[in-house]
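Working notes, beginning with the structure itself.
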Amino acid sequence: MTTARMEAFSDGVFAIAITLLILDIAVPTDSADDFLRALGDQWPSYVAYFVSFATIGAVWLAHSAITEYLDRADATLIRLNLVLLLVVSFIPFPTHLLAEYHGHPDAERVAVTIYGINLLMASVLVWGLWRYSVGEHLVRPDADDEEVQVLTSRLTPSLAAYVVLIGVGIFSPLVAVLGFLTIALYLIVPVGLVRRRQG
Amino acid sequence: MTTARMEAFSDGVFAIAITLLILDIAVPTDSADDFLRALGDQWPSYVAYFVSFATIGAVWLAHSAITEYLDRADATLIRLNLVLLLVVSFIPFPTHLLAEYHGHPDAERVAVTIYGINLLMASVLVWGLWRYSVGEHLVRPDADDEEVQVLTSRLTPSLAAYVVLIGVGIFSPLVAVLGFLTIALYLIVPVGLVRRRQG
Amino acid sequence: MTTARMEAFSDGVFAIAITLLILDIAVPTDSADDFLRALGDQWPSYVAYFVSFATIGAVWLAHSAITEYLDRADATLIRLNLVLLLVVSFIPFPTHLLAEYHGHPDAERVAVTIYGINLLMASVLVWGLWRYSVGEHLVRPDADDEEVQVLTSRLTPSLAAYVVLIGVGIFSPLVAVLGFLTIALYLIVPVGLVRRRQG
Amino acid sequence: MTTARMEAFSDGVFAIAITLLILDIAVPTDSADDFLRALGDQWPSYVAYFVSFATIGAVWLAHSAITEYLDRADATLIRLNLVLLLVVSFIPFPTHLLAEYHGHPDAERVAVTIYGINLLMASVLVWGLWRYSVGEHLVRPDADDEEVQVLTSRLTPSLAAYVVLIGVGIFSPLVAVLGFLTIALYLIVPVGLVRRRQG
């Protein structure tokens, strides 16, 4: 089974999920008098938008990297991938919760926990997709062993970080959200890869 | 006529329909005081989301399997495929009805019947697409006869199950919805294929 | 310039526009008591959904047929294609108007006129895309002359029909809408092609 | 690294962002009595829709032109591209602001400034993508030097124009919006390319 169709469908879902996020930012109503302030007051919407965009972007990047090493897909991999798509296309919902319930401490704690679990699950599934591919020898035979190692080690540490931040979120939702952003940016900015190439 | 353009367009529609489902889950308003409960109370939304996601996922999987065996498409197949897309892109509507009218027994019965008919039609059309392809010799000449049989026998039984469950839904909508979920999961989890490969 | 990127982008826009149509069908609110009737009362929504789906489907079919004959694209063709996409992605708006203002004769006349002009423009642009391609020799040199003729003659007559129906719509919006449906189905059902192949 | 996956994902985001714009045009409510006027009164929605459509179309065109010259992508280019997608998928938000707050001078000034900055950023990022590709020798070795020059000179001047128009928008939002439209149309209509080919 080739990976072409799986990639096309996944790209579609990632692209839609990432673009639908903008619908979670409300247009302020009846705020003509103090428009700039009304826009400013909903800053948590922009933060949530940016964190979710960065996270879905990071998942897409990891997904591209994984499929680039794949020689073929098997039936289980395609099902695992569907579960990843389920989790990614769910992200706009807690993003919306987070933006909507900023300033209500109790609700915000619930929202940030759901958000964190959602992001953690996306991260676990990307990691699982890669581990399964390596374990079942779906990776191209000519793939460089060291590169496979680098990708494995890049996808792993975020799992622990998400778990810690979900705990932190119970005390300080904002710190947790900034932590989620840091993970996404760490996964996007290719620090390790750049260093490796210069080495 | 090649199948490339048909696959690309279908993947687009499947990907959008499956990702739009998240918009059917309402963000609770004015529920800061008892947020967790407000979120919990809308559990039928999550169930409906999950069932519809699983069903569209199963349709996509079957569609991928079918087109993988196709050598070429003809004018009728492309039109049949358009009807399938019509039915699939309709799914978010009864999904929304189901989530919205939970707890109103009469309305719920209507909603679950419409939902069941929609899913049945998707299933019939996937099955029709495959039967037509086999009947018109659009399948690749080198396709393994036994594999064609397996795919045929996998796509068939769900039709009867949907009909039975639509009847069940008049008495117990929840049982019907869980039944729809079971069909989707049966179509997704490759039990038969795994067994066959081990045989 | 190859046509691959133009096809991918167009497929994306067609797929989204056709799938977004479902959002134009409202979920009845507070109608638990007489749910079936509330659903029935919004039958113009379903008709409008179906007509728009069929029309965008017909445009997609014609677009696929055209690009299948194309050898390459030039700068003007890609711009013409963008205008077509503008017109197609506008269709959900008059579709919504039509569904919303059914039963208000004056408003309905306005809505059906806007809808008809939108569909006419889509039809004119598809026809223009094809005429330009033929005129500028962008069609594959090995394309069968007779096939080029058939495609030309299939794309042409709908223009006059749309103009007539826009006039009819001022007196009877419903007749006009059913006429738009007939055009779309005529363009979808491959009568001429089938006859030709049997000949 | 090949550019195929980056193109597919970008096409998806561009296609969705451009098609979602239609959701920013409100369907007038309770306006059956004076429907044509109600539709006419929201003309700023149509202008904003058209300007945003033209701008995203122009970005897509420039993006296609750039990737057509690319031989391969590197890690930084793919990240830069993600930032471009972030900015493009944000466009529906200020488009909606602009349409909503027409007629409230203060709010309109804020909206048009945000809109202008958004468009400027898209323009800067497209330009940056191209400069980076040229600078890092990601362009196909057989690309015509003169063609590379033409593309560079086409992408550059809009930056200054956007800056000027953002300033103009503080005094006259409408003039600024019409200016944004002019830039988009200038980028879409291939004046320079046509002249060059005739030369």
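Letters A, B, C and D name the chains as they come in the text, with residue numbers starting at 1 for each one.
By our rule, contacts are C-beta pairs under 8 Å (C-beta built on N, C-alpha and C of every residue); 3 or more make two chains touch, one makes a residue touch a chain.
Model, not experiment: these values are computed from the prediction.
Engineer: Have a look at where chain A meets chain B and say same if over half of the interface residue numbers show up on both copies, different if under half do.
Structural biologist: Shared-number fraction below one half, so different.
Engineer: Rounded to a multiple of 5, how large is the rotation, in degrees, that superposes the C-alpha trace of chain C on chain D?
Structural biologist: About 90 degrees, rounded to the nearest 5.
Engineer: So which chain is the furthest away from chain D, centre to centre on CA atoms?
Structural biologist: Taking each chain's C-alpha mean as its centre, the farthest from chain D is B.
Engineer: Measure off the straight-line distance from the CA centroid of chain A to the CA centroid of chain D, and report it in whole Å.
Structural biologist: 26
Engineer: CA centre of chain A versus CA centre of chain C: separation in Å?
Structural biologist: Result: the chain centres lie 37 Å from each other.
Engineer: For chain A, write out the residues touching at least two other chains, lowest number first.
Structural biologist: 8, 12, 15-16, 20, 23
Engineer: Could you please specify the touching residues of chain A with respect to chain B in the complex?
Structural biologist: The contact residues of chain A facing chain B are 1, 5-6, 8-9, 12-13, 15-17, 20, 23, 75-76, 78-79, 82, 85-86, 89-90, 92-93, 96-97, 100-101, 104, 106-107, 110-111, 114.
Engineer: Over in the complex, which chain A residues touch chain D? Could you list them?
Structural biologist: The touching residues are 7-8, 11-12, 14-16, 18-23, 25, 27, 29, 31-33, 35-36, 39, 50, 53, 57, 60-61, 64, 67-68, 188-190, 193-194.
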